[in-house]
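Both complexes shown next keep subunit A, but they swap its partner, so subunit B is in the first and subunit C is in the second.
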Partner chain A sequence: MTKEDFTPPAQREERVHRAQVRFSGGAWSWVIKIVLLGGFDALMVLGLLAAVAKASWVIVAVIAVGTIAVNLIYLPPNRELPGKYLAPGVAFMLIFSVSVMLYTVYVGFTNYGDGHNGSKDDAVLAIQQNNQARVPDSATYKAAVATKNGGGDELWLIVVDPKTGQARAGNNETPLQDASGVTTSSLGAITGADGYTVLDFAAVSTRSSEVSKLAVPLSDKGADGFLHTTTGSQAYVYRSTMAYDEKADTFTDTTGTVYRDSGQGSFVSADGKTIQPGWKVNVGFSNFTAAITNSQVRGPFLKVLVWTFVFAIGSVVSCFALGLILALIFNDSRLRGRRWFRLVMILPYAFPATMMTMVWSGLFNQDFGFINQVLLGGLQVPWLNDGSWAKVAILVVNLWLGFPYQFLVATGALQSLPDDVNEAAEVDGASGWSAFWYIKFPLLMVSLAPLLISTFAFNFNNFNLIYMLTRGGPRFTDTSLDIGSTDILISMVYKVAFGDQGRQYGLGSAFAILIFIIVGVISWIGFRQTRALEDIN
Partner chain B sequence: MSTAALNPPTETGAPRQSRSRGPRGRGLWWRYVVAVAACVFAVFPILYVLSASLNPSGTMTGSNSLFTTISGSNYVKLFANPERPYGRWYLNTTLLAVGVSLLTVLFSALAAYAFSRLRFRGRRGGLLSLMLIQMFPQMLAVTAIFLLLSNLGDVVPVLGIGSLLALAAVYLGGALGANTYLMYGFFNSVPRALDEAAQIDGAGHARTFFTIILPLVIPTLAVVGLLSFINTFNEYVVASVVVGNDPATQTLALGLYQYVSEQTNSNWPVFAAGTVLACLPPLVVFFWLQKYLVSGLTSGSVK
Partner chain C sequence: MTDIARRSLLLSGLGLGALGVLSACGGSDSSSSSTPAASGSAGAGTITIWVDSDRAPVLKSAAAQFKKDVGVTVNLVVKDNSKIVPDFITQVPTGKGPDAIICAHDRLGTLVKNGVVAPLELGDTTDQYQDIAIKAFTYQDKIYGVPYSTENLALIRNTKLAPSAVTSWDAMVAAGRKSGAKYPVLVGMDSVQAASPYNLYPFQASFNAPVFKIGADGAYDGTTLGMGDAAGASFATWLAAQQKAKTLNINISNDIAKTSFVSGQSPFFISGPWNLADIKAKKIPYAIEAIPAAGPQAATPFVGVQGFAMSSKSKNTVATQKFIVEYIGNADIQYKLFEAGQRPPANKEAFEKAKSDKDVAAYGAVGAKGVPMPAVPAMDSVWTDWGNAEAAILSGKSADPAATWQKMVTGLQAKIK
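Now for the complex of A and B:
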């Protein structure tokens, strides 16, 4: 420090004050701040207007609250400091991490998925729309297929009511509403209406499959019937063969079978027949208990759970052991070319794991792969097609991907051990193995244990490795679910929720919550043991 | 590229017990054997994919004879397929990775500074929540991410499904979490006296952060940036849901997976060429920043 340390307090305070004014409250920093905030606010107002135009009130609310919060945080000088530093990251985290997590938790308690997509009203309408027959004495409606101006590519049906002569228009989601300005040709065909563009014959015939799917509700009650057209110029009334009784909340089909609301999001008959689609309802904990009670799920789930632990623990142990052994071997200054050996050994860490895992899947290919064809001289080891071999292959690949990191951190920890540790060991008469095992190793673990817990948590959810190498296969034969012997929990969740076998978001989300709880509890216990949490104070 | 940093800083302080074993060089041969074996294991998949990418045979079977014939035909084929616009994927992924990693470093450094230096209500709770949130992998919430972006895209089309900007925003949602925690440990190891000295000299909090603290925590910034960069190259599931089916918006991981998920044998050499090129940006960044790796990865946890 300079002699300024000895300036009298009053002068010193004055100097500090001047400097503070110059550095933190300067005119330029104000200008920059105002310009940035102004730009941000302008963007937000644009977004707000767009959201209002689309009537997305949730987005409107989020934008409004967010913008006000950002201005309150950044506008006042030298206040709300933590907010200024936390706001950017936290904002993204709240929107793209926390909110989607909360939604996932909510979905875990529903039956959301294929066949249970929307509300009950949607389902009732869809059931009526799906099961229709032409009303035998239906009047003929003059009709035209049109698109709504500004309404995109969606098809609408314009008809003239034969009883009243009133022109009306609607589509699959919008029941008939009055239309005006209908023009007709000399032959009586509808050629136009205000706000609509009528499709000509050629356009109707190229989109005939869409046209035949038009089922426009006559009113907002599906029971009144729907208008269908096959030619595009005439429409007829169809009515559902499934009669919906609004008071009793039941469907009755033409044979008189009654379907009741089962309470599980679908209509079910007394003998157990279900009508599709159903709707989304809360199902409580049944997704969670399915892992234990549902025989289709139970067996594979338990196998997957066991393998997930075997894989995660096996990965940590194998990678750490190899990394530590190599670090010990290389921590010897007499070894020549250490830097080049080190460089080559950490190469796998520098390569993108996803792509290198795909390369490994080729190396392990049973018929053409390098390992079978060249290294094993043409043996046909079913590396990826047999449950046990596939597990071996996965552990080998993960060892390749994981040991360089362990080697790096073990080297770092080894080098930060004080020199006198060795001297102390020698004084105590410990040498070689026992010096390492009883003295150095425990010291190393102090710094490495938290990293090992993170490695465990990472591998517990190492989706990319499993998916790129085996896709979880080979498949179990005792279940209809698409689960195989190398699936870990997270790849199972992905396949249950998004698989080719139908999407079961509810079940998938419930498993996601289970994974979160398992990893959270294990990490928590681990960090407690290693005292890493002491940092947070 | 510098390799010197891989050498231990305490070169001279190497284990003492080895000295008692005898003169320089004796009893070392087995260490060389292990070293060579480990290097062969580490390097052979890399050499294999390089060889396969240069092999003109056109099949996986033909790729098994390493470095016998060398040609660039697979690289030509890689860029000549308009249905799989590799150049576009390359650009998409690199820009995405650069943008996401820079912002991730900025956001988590800001947050780590707040947690390390400022005392405020909810600080401890905030740190614990971060730890908890980072244990929930974003990919488990892809359903919700899809629905969120579908709704957002109705209002702001650039943030909808099929947009790389939306993908970047989703990745930034995971920017805090593990990174902040890693940085927090490192920030704590920078003596507070430095900030106080700067503040006494009249620097405001922003100036202290950008000119005093940041240069001292470069190792941890480098590590977080590096990990984020490589993660973006690796990420598959969220990208597959967010960018949709348009070939022009895909990333390298998505595109390359198409090559191996079908007709593996005949697509293999072109896939290998694509992989070799795709590995270059992460490699360059890795060797640029590797000298910070050991200290950046461990300092936070070493007490």
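Now for the complex of A and C:
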């Protein structure tokens, strides 16, 4: 530490005070501050009103607390100086990192996914929509949507009976009754009737949610069905095949089977038949326990877990070993043209990894790939068609992609070692291998070990490589899940959550949380270990 | 914190001005509904439809016509084709999804399972469409979409290498060998050891082993697999024989197959219309014909149908239905959509007109005899297991192909029931 770096406390306080005076005074800075804060507050109030209107009280609370905090931090001069710098960062971290994590945790405890996609209200509505069937071979009625004069705003349906030509009208409560004085346009559309005002298309369109609920019973008997219009100009006879009892919260089909809310997010009959769609509910820990208890998940999950560790550790060790050896070779001043060699060495690092992985996937093709055809002289190595070979292929490709980085950091660390280390080793009688292994290597590890931990964490979640090279295949044959020999945890999570086999966000989120815990614990242990290395200095 | 809470935080940070505008719109909505007779373009509202970039220009003219006729604005949002269905499923429950989307019929099962689409009433217009198109968009007895085009595989024959048409797989292989080309026949596989159940299906169908049993009503029974038993076993044995004879190769990807065909390395190529542009560019003389059968029955390909489906939470169902049923179903629009995408139109009248293009006529003729790709939600899990079993046989790893096949069928049956 040099002399200039040291400042006595009293002097430092004075300097801070001077800075405070200098950077906070001024009428202009006040004007700018108030305008900006005012604009921000106005936006927040707008948001608050919108949230209150929708009765989203959580959002109201978040906006209110956030706005007050921002004002307290920025308005008073110089009170919360560190806060002024921290606040934007903290806000963005809360929005983009913490909230995403909290949401993932929340989803991990639900059955969100295909078949359990929305709210219960949506599901009930969809079931009702899906179970209205047009009576087969029934006639098409000419129809118009109207309001009754003096009858308020309520919608009525006017139709012309295709058999008798008699005009009839009705609404949700009133079964069809005769109407008179129907007038039609040249195209045959109903334009008016005695006592009714027919709505034009624009009006029907703006009230389409009411129109879609308009179901006019044909008679007092519900079994006859009801008339319903979809476009406002034609109506058809429908019958409900699934009746919803709002009070009992059950559906009953035409055979009398009753479907009840199972508590698992769907309506289920006594003999186990489920109506689709279901809805999203909290399922507790069942997504987490599925990894251990569900035999379809457990076996593959454990295999994937083991391979993930093999892959991550194997990649770190192989890339680091190769990178370090090359760094040692090219660090030797006796080697000529080493600058050019170094340039060539980092080339794989300069190409986009995703693209190169796809090129490698072509190179590994069993019949047409360069590796079998040219390098191995027509040997039929099933690189990507066999589980073990696919694992080898992945490690080879990751070595190619990963060693330049290790080479770069090892070169950097080597060059930062003072030359007197070498001299001291020589004086002590150590040379060659032992000088490297007992003197240089531990010194290198001080700066490189934390990088190896981050490389491990990166490879642990190296989704691009796996997905682009093998898509996790070849698949396991003992499970119906789309998981294969080269899947690592993160590619498995992707396939579970977004894959071709139906999306299971809940299960995927639960797995993601498990991965987070595993990587977190390993990194924590790793960083603790590296502290021991620092004692060497 | 809930989804909504998170999104609102973002919103409040990034620009609540938009919310203000939205709420202002909400206000005017309610005032216009209190005076329902008020007409004119302003009061009739807006509907939003997600479309892909190829279809958008054609639909724009239909939307302009719709606006002129009934005063409702159609807001066309161009989205990446592969994003439309997944985004639709996640956004409809939030109430912020579009009123309708363009989609392929095989996603229908998933859409219904998630409760995001509403049945449509095509009224008496169903017979304006090709039977297979309506059948494809019918799910559990209800029609969920207005079809606009069909798409299927056929045999593309290099007329220079193989001057005469073939009627069976064996004849095709013999003609292929006689031609002296590198490959007797090309069937592309999906990349990375997955086989291709879609490309191989016509041959499987010729052994009378459909994926699902077809019920009396002509619809798939999504709970009973039809590809097990003796028929499936004979197909599996046939597959293994082709692997031994090197007529089918798991390592020939779709790309390798196309490249080989356009460079004249094979007289026969099982392909959809999507490769025609490349074939024409290389000036390969070709004919499009029915796929020759490998088994005792006809080799019927899967037919994919594209169409428009309506959201179950659409706020303007009347206008949405009117637009997609009456305007997109219209023969002129369907013909224009054909011109944009070169796929046979679903509307019969438009299809007759499009037949002047001999490629379309040929593909349409093959497709008319095909079966719609199953749309049941179980299909998603079927594809992977099915391809996996085929891959095991085609890579020569399976000692007993029939047993491998039966194991796949049994496993799937347990999963989908």
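Heads up, the rule we're going with is that the second predicted complex is superposed on the first by the 330 of 537 C-alpha atoms of A that agree within 3 Å, B and C clash if a C-alpha of one lies under 4 Å from a C-alpha of the other, contacts with A are read in each partner's own complex, and residues count from 1 in each chain.
One rule holds for everything that comes next: a residue touches a chain if its C-beta (ideal position, glycine included) is under 8 Å from a C-beta of that chain, and two chains touch if they have at least 3 such contacts.
What you see is a predicted model, and the numbers here were worked out from it, not measured in a lab.
*Asks:* In the superposed arrangement, which partner chain does A:Asn461 touch: subunit B (first), subunit C (second), both, or neither?
*Replies:* first
*Asks:* Who does A:Ile59 touch here: subunit B (first), subunit C (second), both, or neither?
*Replies:* Both partners, subunit B and subunit C.
*Asks:* Determine, under the contact definition given at the top, whether A:Thr206 touches first (subunit B), second (subunit C), both, or neither.
*Replies:* Second partner only.
*Asks:* Give one of first, second, both or neither to describe whether A:Trp437 is in contact with subunit B, with subunit C, with both, or with none.
*Replies:* Neither: A:Trp437 stays clear of subunit B and subunit C.
*Asks:* Counting only touches as set out at the top, which of subunit B and subunit C does A:Phe285 meet: first, second, both, neither?
*Replies:* neither
*Asks:* Between subunit C and subunit B, which one touches more residues of subunit A when both complexes sit on the common chain A?
*Replies:* B
*Asks:* Report for A:Ser99: first if it touches subunit B alone, second if subunit C alone, otherwise both or neither.
*Replies:* both
*Asks:* Which partner does A:Trp30 reach: the first (subunit B), the second (subunit C), both, or neither?
*Replies:* Neither subunit B nor subunit C is touched by A:Trp30.
*Asks:* Touching A:Ala51 in the superposition: subunit B (first), subunit C (second), both, neither?
*Replies:* A:Ala51 contacts both subunit B and subunit C.
*Asks:* For subunit A, which residues lie in the overlap of the subunit B contacts and the subunit C contacts?
*Replies:* Looking at subunit A, the two contact sets intersect at 47, 50-51, 56, 58-59, 95, 99-100, 103, 361, 365, 367-368, 498.
*Asks:* Which residues of subunit A touch subunit B in the complex?
*Replies:* On the subunit A side, the touching residues are 15-16, 18-20, 22-25, 29, 47, 50-51, 54, 56, 58-59, 78, 81-82, 85-86, 88-90, 92-93, 95-101, 103-104, 107, 322, 325-326, 329-335, 338-356, 358-363, 365, 367-370, 373-374, 400, 404-405, 408-409, 411-413, 415-416, 419, 422-423, 425-426, 431-432, 435, 446-447, 450-451, 454, 457, 461, 463-464, 467-468, 490, 493-494, 497-498, 505, 508-509, 512, 515-516, 519-520, 523, 532, 535-537.
*Asks:* In the complex, go through subunit C and note every residue touching subunit A.
*Replies:* Contacts found on subunit C: 1-6, 8-13, 15-17, 19-20, 23, 29, 32-34, 36-41, 43-45, 70-72, 86, 89-90, 92-93, 110, 112-116, 118-121, 123-124, 140-142, 191-194, 249-253, 256, 312-313, 315-319, 321-322, 325-326, 377, 380-381, 383-385, 388, 391-392, 395, 397, 407, 411-412, 414-415.
*Asks:* Residue numbers of subunit B touching subunit A in their complex, please.
*Replies:* 3-4, 6-18, 24-25, 28, 31-32, 34-35, 38-39, 41-43, 45-46, 48-49, 52, 59-61, 63-64, 106-108, 110-111, 113-114, 118, 120, 123-124, 126-128, 131-133, 135-145, 147-148, 151-152, 154-156, 169-170, 172-178, 180, 184-185, 188, 200-207, 209, 230, 233-237, 241, 252-253, 256-257, 260, 264-265, 268, 271-272, 275, 278-279, 282-283, 286-287, 290, 293-295, 297-298, 301-303
*Asks:* Across the complex, what residues on subunit A touch subunit C?
*Replies:* 43-44, 46-47, 50-51, 53, 56, 58-59, 62-63, 66, 91, 94-95, 99-100, 102-103, 106, 114-115, 117-119, 122-123, 125-127, 129-130, 132-134, 140, 147, 153, 197, 199-209, 211-212, 230-232, 234, 236, 276-277, 361, 365-368, 382, 384-386, 469-471, 473-475, 477, 480, 482, 498, 500-503
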